[in-house]
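What follows is a pair of complexes built around subunit A, which joins subunit B in one and subunit C in the other.
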Partner chain A sequence: MEKEYYVCTGCGLLCDDIELEMEKDLIGKVHTACRVGVAHMKESPGEAEYLVDGKKVDEKTAIEEAASVLKAARNPLIFGLGTSTNEAQKKAIELAEKLNATLDDTSSFCLGPLIEAILQEKFKTCTLDDVRNKADISFFWGSDPADSHPRHLSKFSYFPRGQEKQRGWEEERTAIAVDIRKSHTAKICGNEFYQVPPGGDAEFIEALIAGLSGKLPKTSFKFPPKKLLELANILKGARFGVIFVGLGLIYSLENLEPLIKLMDTLNEKAKGDFYLIPMVGHYNMRGFNETLFEKTGFVNSVKFEEGSVKHGPGYSVVESLKAKTVDAALIIGSDPLASLPHSIAKQLLEIPLITIDPCETLSSRKAKVSIRSGVSGVEAGGSATRMDGVQVPFRPAIDAKRPSDEEILSKLMEAL
Partner chain B sequence: MDFGSFLAAPELKVKIVTYRDIFQNKAMIEDRFGEDYRTRSAIIKLDPADLKSLSVKKGDTVILKNSFGKVVVKAEESGYEPPHRGIAYMPNSPWSNMLVSNETGGTGVPKFKDIEATASSAKGEKVTDFEF
Partner chain C sequence: MTNAMELYQLLPKTNCKECGKTSCMAFAVALLSRELTADDCPPLKNEPKFKEKYEKINELAGPAGGATETGLIVHEELCFGCGNCVVACPVNVANDPYGVGSGNAPKKNEKLILTIEDGIVKAQNVDECRRFGKNKILCTGCIVTCPVEAIEFVV
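After this line comes the complex of A and B, so read on.
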């Protein structure tokens, strides 16, 4: 009998080789997935739940109440969507247009600028399948996939025997880490771990570019020039090199210029080509960025206004809350009261919230209207965009008792 | 009565860098209001010399505060080499977010990995619970 495989929506890797053992109508055992993936796939599906002011109501009442909050708002914020399907994201964008809303996702305070630069073709990029089959250098910069994307190294970037890399990590692949601390990934990289002080990445890039160009690499934090030259030589020898960029690097740089310059230098000096892949955390943040980019030319932080689109940091979730420009919020699959600085998120306590989420969260506990949705890939099907831009379709593993984000957003749209 | 409780606890300025942790992430998925998530989130990893200067042992609670908030978490030894006095590490969580500055320079990007705070012994005070 042919095996059935499922997709794990636990992180931006969207592993598509998950095997499940069902017990009655629920997921009993999860094979192949990582520690996070198993927990994610086994998240208790539960019954549909609709709350208004903390009291249980029926679906119709919750949708009507949510619609009335949104109708009454002058400038509602729609936020989240990193754990929604491409289809649900499209619905949310339609809804934002209809409501003349401010629309943003978590990428405005994480990897958004990098995704935008990739979509604008400022970086060469490749797929994770290319990495598995061809890469001889996997360079983790400010990223720690051993913790954030647990199967990254085993499925794609270091341990697998790819089509052109049959001798694998033992002989044919080198893993390199630049970080401010010896992360679990840095430990795996062994001697190829390069520790920089907090905020030292731009200077390290500059020194590395000097080293790649045959100059003496100097840093104010006195990184040993010999070690930097050794790194430059390893990189020069690469035939297929990939830099996996994480938040550690992005938060350390004022802008992407040093990284663009480094990639250009690597592609000029190395034997082969260098590519960049963003280490996207939420399973479909990139999908939201791509869909919005296609529609508006921007990846996040937009405000719809009678057919036109405004864009800029002023329309990001953080600045909108700080400036108190939004007067209601529809939060889908995100928990800003937990994930944003409290000094900023506390403004959410001053405006009516509507949450759509599979879990009870700090935000849902404070919501005027809270709706529990089904977990994508477990209770709901659809498609998503992997961290490398590859489209991944998936189907539900169990019969859902809870509606998907897409269904809830469709009903909300009808009610409006 | 413990006479030491009347003495001012030594304070230490720390720069806190946040990070992701697979075990904490799994605990969050299983129950974000559960004990396991709190235990794995409400911690700060310090250099052993900094623990000593605060007169706290690993497992003791410390108060972290700045102008944006205050939080009580457990102190741990980082285990990182080389020494990193004055630099501490916390898993990204509502506990670290209590201390993140609201100053963004209009960029929309808070300094999640660059938190300045003061640490001192919490003298047995319990880890902060969240309910806004």
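After this line comes the complex of A and C, so read on.
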């Protein structure tokens, strides 16, 4: 008998093997998910709630109010969407087109450039299933999946048996970590942990490239050349190597050039091939980036204008707020008031906000219109794009009393 | 945590060897590894003056002493359900290669030692553990793979 599995939308790993025991209409016992996933799935599925200026109203009033805010705006900002389904994201993009809005997500200040480079095929990439089946080197750079994606190592990148990896992790896989501190992941990597000082990644890459090319690897922070050469040798022996790039590395690099050069060198010098997978945090940030890229050629920070698209840092959430170019904001599944630096976030208090979110957040409390949506994957079905680009469809686990963000966006569209 | 010294303090400390061990300390170690129980020390079991100590030892080293029979202890407050130990445990892999052995949900539950329930590791079928029984070996699969030292064996 095939078991019935659910998908966890607790992080970008989108684990698709979660078993649930239902208790009445609620989720009871959760099997196989990590603690983060369990907390996410058991988050209490409240009632639908529509607030205008903090007062409860009915759905129709809230949607109409939101529509009139957006209509009145000259250049509204649509932001968030990292925890929305592919379907909801498509709706939001349509809405942005219709409103001549500025559209951005959190990737503009995190992994956006990396995902763009992958979509532009500047890096070779592979799926997590390939990693499980073939990878002999899993290299975590500036990423700490043990904390951010708890099942990453057990489900894909280190511990599982795979088609060409039948003998187990001790014999057939090597996990490597480069980080500024000994993270939980680094701990698992044991001797293959390489500590760099903050901001030292570019130099470490340079030195590693030198080591791979048979030169003496030198760093200003005096990383032991012998240890670096050992690392270069391990990497050279790889048949199927994967680098999991996290924010730690992206924030430390001025641009992606060093990383591109490293990947090229690895692919030239190693026995086999090297691939790169971005460690996307939100369960569907990559989905947003891919859908927008398909439509416009850009992954984030766009402004629609009468059928044409403009793109650039000026259209990112941070810059457009700084420059005060946006005069209303529709925020979906994100809490910029809490997450952006105060100097920028405070500009959000100057313009009318509309929030769509399952939770009460700082942003929703300050919003003109706030709508509580269902948690996707728990209360709403749809599909999402995993960190490696694989499409994962899912259905809701419980009967929702709250509308999905897709439904809310559709209604908003109609009201316009 | 219970250690051999603590158990030793509760023994008669006469080194009479009736238990078959060379000393009370050796007996304490055997208690800890669940090789023997309090009943295997005749003076402890039979002499009324040791009654309290006998009961205390049963509490600490008996089957219901917090640890499982192999001495496996899960610190639930530390465990975050990453599943590393579940996937790395050789007994789990042998019994369910395509389920937990491949990183997935269990396909065959019967003989699994470690599984994840509500985000925390749960131990069962511990008599299957490689540290237990006649051909025991010092397996460390679930210990070295845990990022937070949530699994411990009290031996």
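Here is the rule we use: the second predicted complex is superposed on the first by the 414 of 416 C-alpha atoms of A that agree within 3 Å, B and C clash if a C-alpha of one lies under 4 Å from a C-alpha of the other, contacts with A are read in each partner's own complex, and residues count from 1 in each chain.
Methods note: a residue touches a chain if its C-beta (ideal position, glycine included) is under 8 Å from a C-beta of that chain, and two chains touch if they have at least 3 such contacts.
As the structure is a computational prediction, the values presented were derived from the model and not from experiment.
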First (subunit B), second (subunit C), both or neither touched by A:Val36: both
Which superposed partner A:Ala146 touches (first subunit B, second subunit C, both, neither): both
Subunit A: partner with more touched residues, subunit B or subunit C: B
Partner chain in contact with A:Lys122 - subunit B first, subunit C second, else both or neither: neither
Which of subunit B and subunit C A:Cys359 touches, first, second, both or neither: first
First (subunit B), second (subunit C), both or neither touched by A:Gly168: second
Partner chain(s) touched by A:Arg239 [first = subunit B, second = subunit C, both, neither]: neither
Partner chain in contact with A:Lys295 - subunit B first, subunit C second, else both or neither: neither
Touching partner for A:Asp17 - first (subunit B), second (subunit C), both, neither: second
Common interface positions of subunit A, toward subunit B and toward subunit C: 34-36, 39, 146, 150, 184
Subunit A residues touching subunit C - in the complex, by the definition given at the top: 3, 5, 17-19, 29-39, 132, 146, 150-151, 153-156, 158-162, 168-169, 184-185, 187-188
In the complex, subunit B residues that touch subunit A: 15, 17, 19-23, 25-26, 29-30, 32-33, 68-69, 78, 80-81, 84, 87, 89, 93-94, 97-98, 100-102, 104, 106-114, 130-132
Touch list for subunit A against partner subunit B, complex: 10, 34-36, 39-40, 43, 108-109, 144, 146-148, 150, 180-184, 198-199, 247-248, 251-252, 281, 301, 313-314, 316-319, 322, 335, 337-346, 349, 359-362, 365-366
Subunit A partner contacts - residues on subunit C that touch it in the complex: 79-84, 86-88, 90, 93, 97, 101-107, 115-120, 145, 147-148
